[in-house]
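Since the structure comes first, as C-alpha cells, the remarks are kept for the end.
Letters are used for the chains, namely A, B, C, D, E and F, taken in the order the chains are written, and counting of residues starts over at 1 for each.
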Amino acid sequence: MEPMTHEPSKTPSASAVVSRHLLMPQHANPRGTAFGGTIMAWMDTVAGMAAERHCGRDVVTVGIDSLAFKQPIRIGDQVVLKASVNYVSRTSMEVGVQVTRENPHTGEKCVATTAHLTFVALDEEGCPVPAPSLTPETADEKRRYAHALQRVRQRKERLKAETQAHND
Amino acid sequence: MEPMTHEPSKTPSASAVVSRHLLMPQHANPRGTAFGGTIMAWMDTVAGMAAERHCGRDVVTVGIDSLAFKQPIRIGDQVVLKASVNYVSRTSMEVGVQVTRENPHTGEKCVATTAHLTFVALDEEGCPVPAPSLTPETADEKRRYAHALQRVRQRKERLKAETQAHND
Amino acid sequence: MEPMTHEPSKTPSASAVVSRHLLMPQHANPRGTAFGGTIMAWMDTVAGMAAERHCGRDVVTVGIDSLAFKQPIRIGDQVVLKASVNYVSRTSMEVGVQVTRENPHTGEKCVATTAHLTFVALDEEGCPVPAPSLTPETADEKRRYAHALQRVRQRKERLKAETQAHND
Amino acid sequence: MEPMTHEPSKTPSASAVVSRHLLMPQHANPRGTAFGGTIMAWMDTVAGMAAERHCGRDVVTVGIDSLAFKQPIRIGDQVVLKASVNYVSRTSMEVGVQVTRENPHTGEKCVATTAHLTFVALDEEGCPVPAPSLTPETADEKRRYAHALQRVRQRKERLKAETQAHND
Amino acid sequence: MEPMTHEPSKTPSASAVVSRHLLMPQHANPRGTAFGGTIMAWMDTVAGMAAERHCGRDVVTVGIDSLAFKQPIRIGDQVVLKASVNYVSRTSMEVGVQVTRENPHTGEKCVATTAHLTFVALDEEGCPVPAPSLTPETADEKRRYAHALQRVRQRKERLKAETQAHND
Amino acid sequence: MEPMTHEPSKTPSASAVVSRHLLMPQHANPRGTAFGGTIMAWMDTVAGMAAERHCGRDVVTVGIDSLAFKQPIRIGDQVVLKASVNYVSRTSMEVGVQVTRENPHTGEKCVATTAHLTFVALDEEGCPVPAPSLTPETADEKRRYAHALQRVRQRKERLKAETQAHND
C-alpha cells in the first residue's frame, strides 16, 4: 500500500490565492454578461494554483461540486477570485472558490459565483501521490473543513446509491 | 403569477446537439493533457446550445452539478461532446453533457467527463421566462428525466439543510 | 516505388464528422457577421478530423478548392459543420465541408459556406504515406466521389496549362 | 440598374499591404508545423485589408480559389504575407496573397502558400456597392490582371456546367 | 480652466490590486519562457484596474516608463502581479507594477519584472477629467510618491530637451 | 572576457520589419478603442522579429523605454507597425517601433504610439551572446543611432543615481 506522505501539515492560508481579472468584450455574450465557460475556466485555474501550492506538485482537476452562478458579471466589471484548500484526504484536495464582481465606478461588490473543485496531486510519472495533510486554524477554516468533510461523505453515499441503482 | 408557457412540449432529441473539437497544444498543460477549464468552457457552450434550441430564447448558466473528470484527454485526441435536455421545470432546464475522447490513430474511445448543467431561459429584457415543457420518449430519455428529477429534489433538500444550518 | 497501403477500404460515413459552434462576439466584425478567417479555421479543423479518422494518421492540409461564402453568419447563430471524405488517391484525401447556420430562436437554417479541402496522410517522420482507399456506398456518396474525381482531373489540367503558359 | 461608381480608378500598388507574424507554439500542431486554419485566417485578414484600402469601404469575403499549401511553416519562423488587388469587376475584387516563410536564423526564405480571395464592397446598410476600377501599371500587375480575368471566366463556366448538370 | 476635482483624497492601499496567473504553453516561446508581450499585456490590465479603482472612472494607458525584464518566467510558474497608484497629478495617475514569479514546486520566488505605467481618467465622453488626489500614508507609499514625482520632473525635462533639439 | 562577435556589421534596413493588423472587437475596450496591452504585445513581437533578423539568433526582451500612447486606435482601424534596430552594444540591441493607425475608409493616418525596446541575443543554451555590430547609413539611421546612444547613457546614469540613493 502506498504510504502516507511524511511532509509536514499545512494551513489553508499558506496556499490560498487571489486573482483579479477585467471582464472584456471577448468574455461576454451579446447581452454584455460573462459566459459561464469563461468564469469556469478562471475558477479552475485559480483553484488549481491553490492546490499546487499546497502539495508542491502538479495537480489535475477531478471534479466540480455544485457550482452556482448567483449574479451576472458585466463587461467592465473587475472579477476577484479567491481560492483556498478546504479539505485534504490523502491524494485529493477540495478547493473552495469564491468569485466576487466589483464595479470599479460605483464600488459595488457582490458574490457572483461559488464552487468546490477537487484536485489530485501527481508525481513525475503523472500518478496520484499523497498530498500534505491540512490543519485548519481559524474558526472560518475549521467550518469550511467540516462542511467539506460532509460533502465528501454525501458524494460517496450518492455514488454508492447510483451504483446500487445500476446493479438493480 | 407568471403564467406557464403555452408553447408545445418538445422531446429531448429535438434539441440535442453534438460537437467535436481537436485538442491542440494551447488547450493542454505541459504534461500534454487537457486543462479542466478548457473542457468546462466547451461543455458550457455545447449545453447552452441545447438549452437555447429547446426554448428558442437566450439562456444563462445558473449552475453545474457533479462534474467529474474520469479520464485525461491528450493533445491530438478528438473530443466529442454530446448534450441533451434532461429535465425542465418552468424556467430552468437541466442539460446532461457527455464528453468522449477519441484517439484518431487507434480508434480507441472512452467517456472522459460528464456533468449536469442548469440553464434559465431569458426574455428580451433578460428576465427569466418559462421554457417549453419536456416530453421524454425513449427509455433512455425517461431514465435521464427521472434521475434529473431526483437530483433537483436532492439539491433543494441540501439548500434547505444549509440554510437551516446557517440559522442555527 | 512506395507500395499501396494494404489497409482495408473504408466508407465515407465511417470517418464523417459533425461539429457545432456558437458564433460569439470575438468571431465577428463590427457589423456583427462572422470573419471569413474564423469560419475557414473551423472548416480546416473539422475537415482535418475527418481525414485523420479515415487514415488513422496525422494529416496536413495541402489545399482548398473553391470555398464559397454564400450567406452571412451572425453573432448568436449556431454554426453546424459537416465534413466527410469525398475521394482518395493514394496519399491525398479530398474532404467536403458544408457549413450550416442555424438561428436558435427562429429555427431558420441555411447553408452558409461550402468547400473542398485536400489533406495528405503522414507517417511518423512526417512523410506522405498511402491512405486506405475509399468505397462510396450510398447514391450521395457515389455522386460526391464522381464530382471529386472530376475536380481532381480539372485541377491537373489547369496546373498543366499554367505550367505550359509559364514555359511559353 | 445600379450605376457604376464614379470614383477614380486606382492602381494595385496603391492598396497593396504586407504583414509579418511570428509562428508561435499556439499556431502549430504537435509536430511543430503551422495549422492550415491559422494561416488561412491570417490570409483572409491581410487580403481583406487590401480590398478595404482599394474601395474605402467595409468588405466581406465571398470566396477562395485554389489555395495551395506548398511548404510547411515551423514554430519560430517569421511569416510574411503580401496581398494586392489583382482584378475588379463592379462590386467584387480578387486579391492575391503570397505567404513567405523566413527562418530568421539561417535567412532561408521560400513561398509557403498562395491563394486568390474574392471580396465584395459593402455600403452602410451592408449591401454590395461598386468598387473603384483597377488600373494595372507594371508588367507584373498586368500579368496578374490577365490571369485573374481568366480565372473569373473559368469560374463562371464551371458554375454554368454545374448548374447544367443539376438540371439534367 | 477645468476645475480640480472635489472628490476626497484617497490612499494608495485603497485602490491597490493583486492578480495571479499561471504561465501556460501558449504564453511562452519555444524555449519555454514567457513572451515579453504577454507579461506586458497582463501588467497593463492590472495597472489599469488599480487606476480605475482610484478614480472610479474609465481610464486609458498613456505611457510606460522603464519597464525592465529582470528574470525569465517559465511554463508552470505562477505569476503574481501587484499594482498600486504611486502618484497623481490632476488627470494622470502613475501606477507601479511588480511582477513576481513563483515556482509552486520549490516555493522559490523572485521579482521578474517592474514598470511604471501612466493612466488618464476619462469622463463619459472620453475626455480627460481630474482624478482624486493621492495621500500616501506608509513610509513605503511616501518613498514611492517621492520617486514618482522625480520621474515626472525628469520626463518633462527630457521632453523639453528633445523639443529643443528638434528646433535647433 | 567574452570576445566580440566576428560577424560582419549590418545596416538597420537589413533587418527592419513592417507588420499590419486589423483592430477587431476583441482587441478593444467597451468604448471601442484599443487596449494598451494588445498594442504592447504587438510592438514586442514586431520589435523582437527585427532583433532576431539582425543577430540571426533567439532574442529576449530585457526592457522598454518611454512607450507613449499618443492617439487612440479604433475598432476597424488598420494598424501599421514598423520596427528597426537603432543601436547595438555587444549583446543588447535597441529597437525603435512606430505604430501608425490608418482609417481605411477616409485614408487618414497618424502616429499612434512609439517606443524603444531592448533585446539581448541568446546562444543555444539561452545565454547572452554578442550581436553583429550596427552600421547606420542614411541620415535618419545616424540620427536614431545618436539618440539611442544618448538614451543608453542616460539610463546608465539613472541606474547609478538610483543605486547611489539606495546606498545613502
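Throughout what follows, contacts are C-beta pairs under 8 Å (C-beta built on N, C-alpha and C of every residue); 3 or more make two chains touch, one makes a residue touch a chain.
Just so you know, these numbers come straight off a predicted model, no measurement behind them.
S.K.: Determine, among D-F, A-B or B-E, the equivalent of interface E-F; equivalence here requires over half of the contact pairs to be the same by residue number.
M.R.: The pair repeating the interface of E-F is A-B.
S.K.: Decide which interface, A-F or B-C, involves more C-beta pairs in contact, and give its chain pair.
M.R.: Spelling it out, more C-beta pairs touch across B-C than across the other pair.
S.K.: For subunit A and subunit C, let me know how many angstrom lie between their CA-based centres, rounded off.
M.R.: Each chain reduced to its C-alpha mean, subunit A and subunit C end up 41 Å apart.
S.K.: Go ahead and note the Å separation of the Cα centroids belonging to subunit C and subunit D.
M.R.: 20
S.K.: With chain centres defined as C-alpha means, what is the inter-centre distance between subunit A and subunit E in Å?
M.R.: Chain centres of subunit A and subunit E, defined by C-alpha means, are spaced 30 Å apart.
S.K.: Can you check how far apart subunit A and subunit D are, centre to centre, with Cα atoms defining each centre and the answer in Å?
M.R.: So the centroids are 48 Å from each other.
S.K.: Could you pull out the residues of subunit D that touch at least 2 other chains?
M.R.: In subunit D, the residues touching two or more other chains are 25-26, 29, 35, 45, 48.
S.K.: What part of subunit E is in contact with subunit F in the complex they form?
M.R.: Of all residues in subunit E, those touching subunit F are 29, 31, 33, 35-38, 40-45, 48, 58, 60-69, 72, 115, 117, 122, 126, 154-155, 158.
S.K.: Hey, which residues of subunit E end up touching subunit A in the complex?
M.R.: Residue list for subunit E touching subunit A: 17-22, 45-46, 48-49, 52-53, 56-57, 78, 104-107.
S.K.: Which stretch or stretches of subunit A touch subunit F in the complex?
M.R.: It is residues 24-26, 75-76 of subunit A that touch subunit F.
S.K.: Help me check something: in the complex, which residues belonging to subunit D touch subunit B?
M.R.: Listed in rising order, the residues of subunit D that touch subunit B are 25-26, 28-30, 35.
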